[in-house]
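Chain naming follows the written order as A, B, C, D and E, and within any one chain the residues start at number 1.
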Amino acid sequence: ACGGNEETNGAEANEEETEQESTENTDEGTETEEASSEPVEVDFWHAMSGPHEEAIKEFVEQFNSEHENITVTPVNQGSYDDLEQKIMAAAKAKSLPTLAQAVTNVVPEYIGNDFVSPLNDFIEDEEIGLSDEELADYVDVFKESSSWDGTYYSLPFSKSTRILFYNTGLLEEHNLEVPETWADIRNIAETVTGDGVVGMGFENSYEAEFQAILKQLGGTYIDEATSEAQFASEEGIKAMTMMKDMIDEGIARTAGEDDYMSNPFGRGDVAMYIGSSAGIPHVGSAAEGNIEWSATTFPTLDGEAATSFAGNDIVMFNQAEEAEQKAAWEFMKFLTSPEVTAEWSMKSGYLPVRYSAQETSEYQAFVEENPEYEAGPQQFDAGFFIARVQGGDAVRNIVLEETELILLGEKSVEEGLQSAQDRANEALQK
Amino acid sequence: MDVYLDNLTMEFEDITAVNRLSTTIKDGELVSLLGPSGCGKSTTLMLLAGLYKPTSGDIYFGEKNVTKLDAEKREIGMVFQNYALYPHLSVLKNIMFPLRMQKVPKKEAKERAIEMANLVQIGHLVDRKPGQLSGGQQQRVAIARALVKKPKLLLLDEPLSNLDARLRLEMREEIRRIQQEVGITAIFVTHDQEEALSISDRVMLMKGGLLQQDSAPQEMYRKPINSFTAAFLGNPPINFLQIKKTEKPRTFELMNSSQIVKIPVNHEKERIQLGLRPENLYVTNKEDAFITGEVIHLETIGRDTLIRVQIGEVTIRALIDPSIDINVGDQCHLGINQEYIHYFDVENGANLERGNSNDGQADMEQYA
Amino acid sequence: MMDKPTWNNTLRALLYLLPALIILITFNIYPIIKSFLMSLYTDYDFYNDVVYKYGLSNFIQIFKDPNFLKAVINTTVFVIGVVPISIVLSLAIAILLNSKIKALSFFRTIYFLPFVTSVVAVAIVWSWIFHSDYGLLNYFLGLFGIDPIQWLTDPAYSMPALIILSIWKGLGFNIIIFLAGLQNINKQYYLAAQVDGASGWHRFLSVTLPLLSPTMFFISIISIINAFKVFDEIFALFNGRPGPANSTLTVVYYVYQKFYEEWEFGLASAAAFVLFIIVFLFTLIQLSLGKKFVHYQ
Amino acid sequence: MVKSALSRTTIYILLSLGAVLMLLPFVWMISTSLKAPNEVMAMPPVWVPAEWKFENFTEAMRVAPFDRYFINSVIVTIVSTIGELITTILAAYAFSRIQFYGRDIVFAVLLGTMMVPSEVLLIPNFVTLSNLGWIDTYSALIIPWTASVFAIFLLRQYFLGIPKELSFAAKVDGCSEFKFLWYVMAPLAKPALITVALLKVINSWNAFLWPIIVTNSQELRTLPVGLSAFTTEAGIKYELLMAASSMVILPMLILFFIMQKYIVAGVARTGLKG
Amino acid sequence: MDVYLDNLTMEFEDITAVNRLSTTIKDGELVSLLGPSGCGKSTTLMLLAGLYKPTSGDIYFGEKNVTKLDAEKREIGMVFQNYALYPHLSVLKNIMFPLRMQKVPKKEAKERAIEMANLVQIGHLVDRKPGQLSGGQQQRVAIARALVKKPKLLLLDEPLSNLDARLRLEMREEIRRIQQEVGITAIFVTHDQEEALSISDRVMLMKGGLLQQDSAPQEMYRKPINSFTAAFLGNPPINFLQIKKTEKPRTFELMNSSQIVKIPVNHEKERIQLGLRPENLYVTNKEDAFITGEVIHLETIGRDTLIRVQIGEVTIRALIDPSIDINVGDQCHLGINQEYIHYFDVENGANLERGNSNDGQADMEQYA
């Protein structure tokens, strides 16, 4: 749907007037538009609120002032759920914006229903595209999660990963090292459990952990190519049993009625837990005045490191005019530029999406001060992402449901996983 | 405005509340509607007001057939039997309401309402809500509301039932005055015979939905069309006696007694019902006696003496001169002026001297 | 009454109904028809409104889905659990609040608070009340020697917890409607009943209840409809999940999942349609019962 | 009297117990709005903050243009409430006082619309509004909400309880049907109308998803949208949210406090005999 | 059961509807409560019923102070002025209601209710709802409901106002019969004086919340305690004439006229108001004349002739023998039996021959 990009008159014009005003430009090709070209408006729908929204506004302001003929309008559309509902509605009414934030899981649905633009034409474009180095600078795991069979449908934006939070006070009290492996976790949990404290914690949506362990064991969750769920394998059973055993033994628990693990962790009720890196600020406020804590990378199993990355990307919709798409592309590039992503990361706690972003001195200083933010980027190499298939959310619902039954002891691990897999496949094959 | 009712019938599920009613009410006339409880008086008014739509029949205001005209366009005033005041409006606003609906300017409406409130002697209560009034006060608000707009047709459903005698008299006269002054055609339902007879130009008497008699007040009293009418009017009520023909002309035998009575006219019928009003009977000597019996009860009502006389198996009442010296147990000869004797058909109650309509309805059709 | 429908009346009524009908047809009836049609789409492009094939397969599929059946059962349990208690409680409170006692407006406002207060606050407080270790409810039960209950994580108790929350939340709404209904009763009947020797309880049975029947009728229909559509409370109480092991998965929750999480528009519409039929049957039954038992003064 | 004093005391005790339950979330909301973040999710809960953080309020105010939102909320609420009252009174009158063909069917169909979860109607409605070109206008915020089956039903029930004698009286007094509705029925149904209006105001004031879906510009958004500013992917800034929520519901509370007495003050019902 | 009222007062916001009312109603007595509209009759009944709580004062049933007793425990029957039938219950159920509240078994209750319905002649209507009845039928349901449980105290607020004369008489007698049969203490509000005088053992007359007179019916008529009482009873109303003392004893001058009237007793007062009932006046010759004037109006009411006679600036009414030949314009001499002349204080209206109470209240305190 986005052929013929090259023909747009704005294309060549781009490079010609770098002199105009932008002084802080670092990326080649993101220069301001020619004065003669038509002004373009780009709507950008997102689900960022509060300080995050402020940050986005600042970026947009900066971008708008650098691009005379482009006006990006950021629009907050509530929560992710709200945003998705609104995109559904707008898609149906043919009134989609040019850009939107999108949870990685739903991008397949967008693709399946054909309303996102592939980005390859832009990326590969001589003038406005990305150079190979630039492309290589995007963190691999994010890049992979943004492409389907070599076609890019999104750029990574607000990304998070699973990390391990731990109560430093408690560990010190028991003279324990920071855990690195699942064996460490088990040890520590066994040691510290008791006296109202549970050693290990999992979020209610611990299917991410399940996937990670599964991966560490060499299993496959869903085969993206065939859209087939395969988690009821031996590895899957082993992964699930591992977590279930800990819970059954009482050395681990789920957030349960506390909704988010940050609460019991902050109270000191659990010594460690695995959760999203985006939860760092919440752990911070829950723990304030209660406990000392820090975070580290996701534990390894038999030397295998694997951890899932999730979060949001930016997508471009195909209902927009070409000029708008082009302008939107400029903005996408801008948002994922090392400077911006570094700043975004520092302001929001999300991960930087460019390797080079970590090298900036500001970012270094930031991590120095907030060591817990280090854990995320440290595991880029071990990262993987949840299979992106249409029907992914249905599978998620099924898995959550069945694992609950397993935990409640109503189904054995084997039964539960098998039934989850069967149901998932049924949902996926539709 | 003349009002014609043509064969008006109103049926509720299982009952015919008004049955083929036909009559004319002349412009400016005040007609009383009388009848026992449940005979269809209120229903008739509701039909006239347009609040009920008749099952059949027509209503004409002047030349115009208004049967299907909505109530709000009929320009009537009505006092409902249950008042139906607007509970949320003050007395003043209740009375002003019809005027405001006529788009009378607020100031004028207010003046006229206050004037009317004073007339019904509730001027000091105009700021109250109906719920804060006594029954009689509420009724007067209803009267004021009906009168204030000087309607073309005034329908009054027992408008004075909750007022004391004094006020009743005054209100009755006020209503009559306004009605005559403005030339309103009015229909007045009342249970007070004296009231009906004294203020109305004409009286309509109903029974079980059927119009029985429709005539000038005194005529109804003097020439009842049937025994029901005769019995309904008059207090104490008329006495009925059944007589049976004998061999001799104009000589009859009293049923349930062996007395012989003589009547001036010769009726064909084998049996006749006689109607004798207590106030037409007088004590007389044996020769003049119409009937004779034993005094079984004697009481003084106001300025008269009421005696009850046993004749065979029937008791009859007579109002007699209190100065006559008579006692319980005395034999008593009662006389009556021949012209006061009423003759009714035993079967259908028709007055045998007024043609042979059997329910009065036929007689009325002249008005249709 | 003796009034009969006529064409004239129908025209008049139409005029009165017009403003409401325009809005309701556009924003309620039309979309409902659309979405019901959608339940018959078996092969379609939702976004471009292209339908390749109609059929009943959506219905067949949801009836084969154990989750849907579970949702129907859960919803029914919920309705039965919530509606009667809620009506009885709110009527009792409304009657108390309709009496002449001191500080009444204060109490009335308080009882209305749950209806006004932010849903988030409500959800948080209730997740605390239900908390197995620190919760108020278990604390009280503990006083009676009852062991702590896992209200929110044990599938056996999540439905009762949801019912409790829903009753609590709906009270203010019912109360205010009952209060308005109580105002519609003419006080004179209470006087008459008192003279006739009716005690407070008998006055309630013989005067209040029958004369409140129009309101009662209204509330029971509305309550049942609303209870069948329960969603927000679940979402808030279980933090965006249909309770442990789907124990509070209701039909609307199912619809929501299918529609917005799984993009199964046809299935969602079919489920919504089934819900509609169930509620509609209930309502028709109530409407016909209403003809018998509801008394309009 | 001893007995009635006793029962009075029981009434108070019962009411007070219930009141405590009803008050809990509200108190919690206020107290949270004054807490430090670490006290928010503490278990067992902290009811009285160690230090009262009034700055939560000022901070909450800064997050979104609440003044603009407030004005929009007021506009949307007032206009849609008035609109709903008008359509409701008219429709309820037709359903309660006019005998017309298909009345029961139309009524049942309208009732039927309440039985469909609003979730499935959102998208078709969005499309309709979009076709009308109303997206991002006040019309979209207001017009779809100016009629409600719920309100019509409630008012119809109330109207049915108003004695027909009054309409008789009004007709005789020359009152057209429309005026009767306005001058007699509506005032007599005051408790029901106030109830309808209150519920409407509250719903409209608290509406969240709809304003988000049908508007894009800040200038048109309403207060509850502002509340979403405190929710992020991984959690909620409860203390700020509660501060903002308190401010949002305060007008509703005041309104309710004022209006409830009209619901219960009642309308005098005497003026009829029998 | 005796009923004592002790200084009973009921104030509405701005009005004292019942003012320090004290009286005793003896067991089994039937007392009529009379008075102009708005004088506080219904309020008094409501207080007795316990439906209003008095502002001050006490009510005793026998020995027991029931002032604070709830209405439902007082075992009373009441016909409300506005009936207050239960709109949702059938006629039968309305009548059965009080019995059901007394836990009378359903079957028996039904039988008794039907019996009572027949008594008030609505036996054929028992399955209807009150809304489907005529006004008079509703009123009879109310009567039946009040009577059916044979209460200890029966309160009747104009129970017959919507009934026709015949029915009224019958109902009145039925009420009286049941009341005497069961020995019920009863209070009966009516606007019909004849009714009050004929059925009650005692009459209480109120005005503006104050009890004016409380005595046997005939006594009230013959010995009114003040001019209000005198004026309230009697139809046509009593004539008032003011007279002024002259030099001569027992000789007074008619105000606004130069006529001299002689009265048998010597009153101290400078001015006196005379009360002369129309029915006590008779036409006589010049010598016997008490007063003389010109006939200005003459009409026949029922069996009497009512004349209006102009005397100076006042008009007085007299009911005279219809057989007397008199015409408008004639000079007319009216005589009166000395004992029928009433003397009232000009200022406070007190009857000068009944002690000097000024509002009748003091007189009543013997009952307190």
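By definition in this document, a contact is a pair of C-beta atoms (placed from the backbone, for glycine too) under 8 Å apart; a residue touches a chain by one contact, two chains touch by 3 or more.
The shown structure was predicted, so the numbers you read here are calculated from the model rather than taken from an experiment.
Identification of common neighbours of chain A and chain C yields D.
When C-beta pairs in contact are tallied for each pair of chains, C-D comes out on top.
The chain with its Cα centroid farthest from the Cα centroid of chain E is A.
Distance between chain centres (mean CA atoms), chain B to chain C: 58 Å. Here the CA centre of chain B is 57 Å from the CA centre of chain D. Between chain A and chain E the centroid-to-centroid distance comes to 94 Å (mean Cα coordinates, whole Å).
In chain E, the residues that touch at least two other chains are 81-82, 85, 135. Along chain C, residues 3, 131, 188, 211, 260, 297 each make contact with two or more other chains. In chain A, the residues that reach two or more other chains under the touch definition are 85, 88, 92, 258. Interface of chain D with chain C (complex): residues 8, 11-12, 14-15, 18-19, 21-26, 28-29, 32, 43-45, 86-88, 90-91, 93-95, 98-104, 106, 108-117, 119-121, 124-125, 128, 143-144, 146-147, 149-150, 152-154, 157-158, 160-164, 177, 191-192, 194-195, 198-199, 202, 206, 227, 236, 238, 241-242, 245, 248-249, 252-253, 256-257, 260-261, 263-264, 266-267, 269-270. Contacts from chain E toward chain D in the complex involve residues 68, 81-83, 85, 130, 135, 138. The touching residues of chain C, counted against chain A in their complex, run 45-47, 49, 127, 130-132, 150-153, 155, 239, 241, 244-246, 257, 260-264. Partner chain E is touched in their complex by these residues of chain D: 1, 270, 272-274. Those residues of chain B lying in contact with chain E across their complex are 12, 34-38, 41-43, 81-82, 132-137, 139-140, 157-158, 161-169, 191-194, 198, 231-232, 235, 237, 279, 301-304, 319.
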